[in-house]
Amino acid sequence: MIPAVEKAFRQVKALKIQGAEAVAREMVRALAEEMKAVEAGSREDFLRRMKKTAVVLTSARPTEPALRHAMRFMLFQARKNPSQDAGELKKAVAREAKAFEKTALENKAKIALFGSRLVPHGASVLVHCHSSTIVRVLKKAADDGKRIRVYCTETRPRYQGRVTARELGDYGIKTTLVVDSAANYVLSRMKDTDVVLVGADAITATGDLVNKVGTSLIAAAANEHGIPLYSCTATHKYDPLTLYGVPELIEMRPREEIIDRGMRGFGKVDVLNPAFDVTPARHVAAYVTEIGVLPPQALATAVWKEYGLDKEELF
Amino acid sequence: MIPAVEKAFRQVKALKIQGAEAVAREMVRALAEEMKAVEAGSREDFLRRMKKTAVVLTSARPTEPALRHAMRFMLFQARKNPSQDAGELKKAVAREAKAFEKTALENKAKIALFGSRLVPHGASVLVHCHSSTIVRVLKKAADDGKRIRVYCTETRPRYQGRVTARELGDYGIKTTLVVDSAANYVLSRMKDTDVVLVGADAITATGDLVNKVGTSLIAAAANEHGIPLYSCTATHKYDPLTLYGVPELIEMRPREEIIDRGMRGFGKVDVLNPAFDVTPARHVAAYVTEIGVLPPQALATAVWKEYGLDKEELF
Amino acid sequence: MIPAVEKAFRQVKALKIQGAEAVAREMVRALAEEMKAVEAGSREDFLRRMKKTAVVLTSARPTEPALRHAMRFMLFQARKNPSQDAGELKKAVAREAKAFEKTALENKAKIALFGSRLVPHGASVLVHCHSSTIVRVLKKAADDGKRIRVYCTETRPRYQGRVTARELGDYGIKTTLVVDSAANYVLSRMKDTDVVLVGADAITATGDLVNKVGTSLIAAAANEHGIPLYSCTATHKYDPLTLYGVPELIEMRPREEIIDRGMRGFGKVDVLNPAFDVTPARHVAAYVTEIGVLPPQALATAVWKEYGLDKEELF
Amino acid sequence: MIPAVEKAFRQVKALKIQGAEAVAREMVRALAEEMKAVEAGSREDFLRRMKKTAVVLTSARPTEPALRHAMRFMLFQARKNPSQDAGELKKAVAREAKAFEKTALENKAKIALFGSRLVPHGASVLVHCHSSTIVRVLKKAADDGKRIRVYCTETRPRYQGRVTARELGDYGIKTTLVVDSAANYVLSRMKDTDVVLVGADAITATGDLVNKVGTSLIAAAANEHGIPLYSCTATHKYDPLTLYGVPELIEMRPREEIIDRGMRGFGKVDVLNPAFDVTPARHVAAYVTEIGVLPPQALATAVWKEYGLDKEELF
Amino acid sequence: MIPAVEKAFRQVKALKIQGAEAVAREMVRALAEEMKAVEAGSREDFLRRMKKTAVVLTSARPTEPALRHAMRFMLFQARKNPSQDAGELKKAVAREAKAFEKTALENKAKIALFGSRLVPHGASVLVHCHSSTIVRVLKKAADDGKRIRVYCTETRPRYQGRVTARELGDYGIKTTLVVDSAANYVLSRMKDTDVVLVGADAITATGDLVNKVGTSLIAAAANEHGIPLYSCTATHKYDPLTLYGVPELIEMRPREEIIDRGMRGFGKVDVLNPAFDVTPARHVAAYVTEIGVLPPQALATAVWKEYGLDKEELF
Amino acid sequence: MIPAVEKAFRQVKALKIQGAEAVAREMVRALAEEMKAVEAGSREDFLRRMKKTAVVLTSARPTEPALRHAMRFMLFQARKNPSQDAGELKKAVAREAKAFEKTALENKAKIALFGSRLVPHGASVLVHCHSSTIVRVLKKAADDGKRIRVYCTETRPRYQGRVTARELGDYGIKTTLVVDSAANYVLSRMKDTDVVLVGADAITATGDLVNKVGTSLIAAAANEHGIPLYSCTATHKYDPLTLYGVPELIEMRPREEIIDRGMRGFGKVDVLNPAFDVTPARHVAAYVTEIGVLPPQALATAVWKEYGLDKEELF
């Protein structure tokens, strides 16, 4: 790898670049740069090296579906290009890398538009954790003149929900912060709760949602009250490996996020700190994606149709 | 009121005495002392003054069912005593006040015994918040040689779950602390979770459970997995006013429990901090009480039968 | 039977006196009058004749649980009276007959009080059919200063819901009339629907509710949305014969209520016109009775305890 | 627009032409006629004008998914035609317009065939409202020698169910008319109810069914009894705008349909008269369409695949 | 123990006397005989010895709730007798022992009567395993002229369902035998299935049903179809120890019931052969008992009220 | 037909060749052989005869979806071949017939791989009936070093589950045999049950699973406990006729499988012996196929996309 790419790789690995989209964008850029530098004699040689680089870059964050999706998408585009000339392919890859970034932005705008239509005027909305997509959805709803009230869970242990609350409050949206455990109080007593909005860390072939721990609790409660939960996310969070039975691994985070190092008396207490949990497809009303508002059971086939990735690639 | 009673009254009012049982015990003692000091010419006079005192003492913590229950129980005992002599009644009230304390202890032992039988050897147990009754149940199970693993939610905002975790860990029970949002992860991934145990702040006539906020979320999730949730509590948490349609009020606690005063940027963010939420009867497998293990729908009739309070008293 | 009693009997039989309570009241009066006229030599003779009369009067409306309850209650009171003197028993029966009427009124007031407490300020309420008890509950809520909005189904085929709507509208309560089929639209779109209120034609030993046809549809839909349905009714609607497996018969009403005689083209169309349907206990949040707000599964045992009728009477 | 087209437009707008199919057919004819008259110099010019006309014609009934679908389909066919000659395109549009009508008829025959196979010999069938498609399904089942019994709800406020009952009765099928509220009585007591059949006014991307008000009540009850509800309808009722989050608007109909003008005493009573309600996908066993019997979650992707409409068109 | 009692004890222990009722009857007889032979100087002495004997006799079949109930009931009757004379108490016990047998018969007749009323004319009935009570219920229904069809599961491993099928077939009732696994086929395809009837081996304080293995599978499926499952049984199957949290133990039966000794090739295969399983209260429509048709949640309180056993006895 | 083909046809008809795959393989071979022998003058003639032969061969086992699928697939391949030369088509059909067998093997390997990934280390697995695919899945999991425990139902009446148990036990996997009725005991008491695995006899367009009788009982119970049930099967079990409303017929098997001829006393007892039952899509977590792990609602569209069979063929 050329030094710039290696640096990007290390930064991703060291969690200095965070967020599914930022990571994917950085690695797509790195892939294009590396391929620009590469000396390839033929189409075959170029594609072989590109695949190898993609595999390496993916390994910087092996649990990130969006990164896997981005690398696979770039390869797919390169292969579709019929040119036999390695130089031509280089340029094509560079063009695709730019397009990737632009498309990502356009997709976010689409999701914000589609999602905002699902938030009626006068609605109360419950949001768990932080997601820039969700914030855009709600700002769009506010921009359209809808009067809404948003309840944000604080989202222990790292309090990402406080960020959501501050961003929305600063934008002039009526915002209320609650502890995570108060979610069902909000759903049941505030009778006007209309929708629950969450993001997505990964989506499986059967439509299950892997997201910030606690999402599945809120989803079960929302289901009891007949309140729809929408996951707003680009389809690159769909993890095609799950089509082949590969389980989505749940990241375990450090003890210190829950028990500060200085706290006394916890010597005999273990800590379990999963970052995510799994919400079954039957508790997700729909995925709000750049393709449209899709029922969970149809997401995999819709993505398959839209992006048509070749299967051998996936093993 | 005599000075000692007034002091007790003020301490309860100022939250210096806390916990349903401690409050009830203190006020029963105060009632007996006050009645000892009172000058009553006749049975009627004595009973009239006793009722008045009971009403006043109840007002020290009007949202506490256990206190209401205790005052009503003491009056009920005095009335059952056929004596016409006020002096005799004084002595009887003093005896009942002592018996009350002893009975409370015996009841706790019974609940610990009954509850521990519901925890099988090798079980995993999920506990929300802190309750001295739950801790006794689990210690009894451990004393009986059962190997168990207890998951404690930290219980935001006041972290009472950390107390539970420390007490159990110190007793040599395998204990794991998790954030509140990880409850469903524990229920679904740890396949050996056998029971969920919680306490009770109040129980309604239809068997609904008012308990620490978050209980209803865990109950909905446990129900999805077919895992029983038991509320371990003495029957004095049953609130007979709910039989007459009076709603159980949910205490709202201060903003500062969630957002520290010093935190910046929350000027436009509201806070909602309910102390409790309501778990519907259909999500409670049983109440583990001093009478026995009762289905929620039968609790009110069982208590009615056991303590037979006269109804006019309740309005 | 004396002429006045025979007349009352015929009026009830000919449906000239209608409504469960009116019928029960009339027949209790008739029973007392008949027993006043009877020549009985002994306590045994008196009670034997009273039972015979009660059985006859019950037969004027054999499908009416409230009538059956009233006759049984009167007999029960007479038997509890230890007097051996038939003359004394006569007077006692007359006193009880008067008390019956007064108690019925007091019970209605209690139900109105208890029920109104279940209707929160700002609530939307869905009401099916007409019931004077429900109207009292809602007027009491309005009298207490609660701002409510009531949706009334028109209640085909006889449009009793229009009566409810007019009575509430005239009282100054915000009232909206909808067709029966719009019930779920109201429940799902009007997010602030808080409670569904219905009366009761009969209640079974397992807590099932027999009420105006359509109640079970609304109950199933309310259950989907997590909205409680309360049946407000005196306990005399409980039918003790169901404890012995006797099924509650559903009255079939005439074709003409649905298809006017003059309508053409329906010669080959049958009509089925059930007056009632059965709502399973699991869809009834509680029965709001003069005893209190009871879970459906506890109603039979609570009534049993409260009125303690001797069992041999029931066969 | 030429006068004939303008007339058709006005008739549709004034509700003189009714029914989703009749409207779509009329507007397809109008589109072909208008395009026949148009003077277009090039392919581009022709297509541009055709789109403009389609948009105008759609606006005659903006809430009708079948019309929107038809216009889009015609445009799609024209674009697929590679000819550069505007004259040739004119002829092609005329041919497609004729084919559209023929296809609609063939589709109805397919739905009748597929739907009839879902009605077993000896079945009882519950039908809500009137739909010519449902009537065809049932006649086909009868033609095949199946002995069936059909229960028709009268369908307040406009009694379309009476039309269904008469048509089936006249055809020699055993038919029973009930009030809308008796639907659950039919489902629960008549144990041999095998299927519920309804039409569709619109279908959303997540498979929800928008249909005559009351459908969602029956669907919830059928679901409780494990009885399948099939919606028999051509796929043109699928509304692709819902894929982009646009909510399906529910038409509110006039007060007079429920309360006759002459009726006294309703001065203080509001009326809410929604024409449709929304049945969630989980309560729809399948959509019986010209493509086949599809699970609700797969309808959007199946239609997408079958008709492959280009997306930009949809914004 | 006198020889006759010892013999009875041994026969029960060696499973030579089987069936809950036969065992209880035999041991009640034995208790009376033993007490007849005993030399007791005083009331206290008599009661002390009687308790001791009861405890010993109970130990002949410690997993049998009906036996435990019977012994406790006999003791309870003896204690209620105020006589100070041991001779008088002997006679009283002998009288009660006879009454016990008669009451058992009368109770069976009541259950048959109540249960038969729940089986409508024309019904299909699914029966699991064999129970003489169920057979009586069905014969009573047939005697009343009801035309019914009964489906019997064969009930592996011991095929008790074949006995049920033969008994009903011989009585002239239309009877169909199916394998256990066909239960849901019967419930779903035979649309006219009206009720499922089973017996009971034990009932818990929360209303759960312990019965022949497979009952819980059928109950879950019946619940899916909205078909009621009734457990027909005398209340002596209620196990009061469960009120105190004592779990109902499930008997494990020998491997040879499933794999004949002679079968080859099973050397590396384990066998698990539970005799019973637990059906949750929410899947039991009602218990049909001698007291009446009771909702599961009310059974414990109803029995408590009816038989009022003193609690200290239970520890 | 040539003699070899006729013989194969007769063997399949006489059930001498069994198992969906063996039958499909045999008939594909027979089709190729017959087409090799046929004298066809043109492409059209060849294809016409091939279709005719395929229809005849399908009739050897008309209830077998895999056979129908195989014949249709072979025809589809032949038609895709553009050659006009009948001799060339013969060779192509022969090649495809060989490929069919190879693909079937590869598909099994894929299913074993995908399925094994769904079985976690330390899992308990419940298996109903016998399926060579399921056995491969479990052996693969064991080969990967996972320690698992498998519970096999014996699967009355033909005890195919014993075969499963023996095969797994012989492979060194911990295996436990239970009666069919003990399935829920295993699911509820053995807390570590992680997955239920079954095969498939047919799959419908709406994702319902037709499989060995009893599957639907286990599926309903697994659903109650939140335990996923996977059906592992190649997609050729999908029956495209169900897309057109054709119901999947359930084979009725002989009385003698349940009641041995020699058994006495069953003269008046009927026997119903369905081979299969239907598990609704909502109780199937996913189909594990050679395409991947698919939600039931997406199977039909995924197969449609993958194999794209022309529709006219299906009528």
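When the chains are written out, they are named A, B, C, D, E and F in that same order, and each has its own residue count from 1.
Operating definition for what follows: a residue touches a chain if its C-beta (ideal position, glycine included) is under 8 Å from a C-beta of that chain, and two chains touch if they have at least 3 such contacts.
Keep in mind that what you see is a predicted model, and the values were worked out from it rather than measured.
With contact taken as defined at the outset, chain D and chain E are each touched by C, F.
Just one of B-F, C-D or D-F has an interface built like that of D-E, with over half of its contact pairs in common by residue number: B-F. With B-C and A-C as the two chain pairs, more C-beta contacts join B-C. The mean-CA centres of chain B and chain D are about 57 angstrom from one another, to the nearest whole unit.
Centroids built from CA atoms put chain D at 37 Å from chain A.
Listed for chain C are residues 188, 224, 282, 295-298, 301, 305, each touching two or more other chains.
If you sketch which chains touch which, the pattern fits none of the simple shapes: not an open path, not a single ring, not a star, and not all-to-all. Pairwise chain contacts present here: A-B, A-C, A-D, A-F, B-C, B-E, B-F, C-D, C-E, D-E, D-F, E-F [touch as defined]. Within the complex, the chain E residues that touch chain F are 151, 153-157, 162, 165-166, 169-170, 172, 174-186, 188-189, 212-214, 216-218, 220-221, 224, 250, 258-259, 265-274, 277-278.
Residues 205-207, 242-247, 281-282, 295-298, 300-301, 304-305 of chain D are the ones touching chain A in the complex. Contact residues of chain E toward chain D in the complex are 188, 191-194, 224-226. Considering their complex, residues 113-118, 120, 282, 285-286, 288, 291-298, 301-302, 305 of chain A touch chain D.
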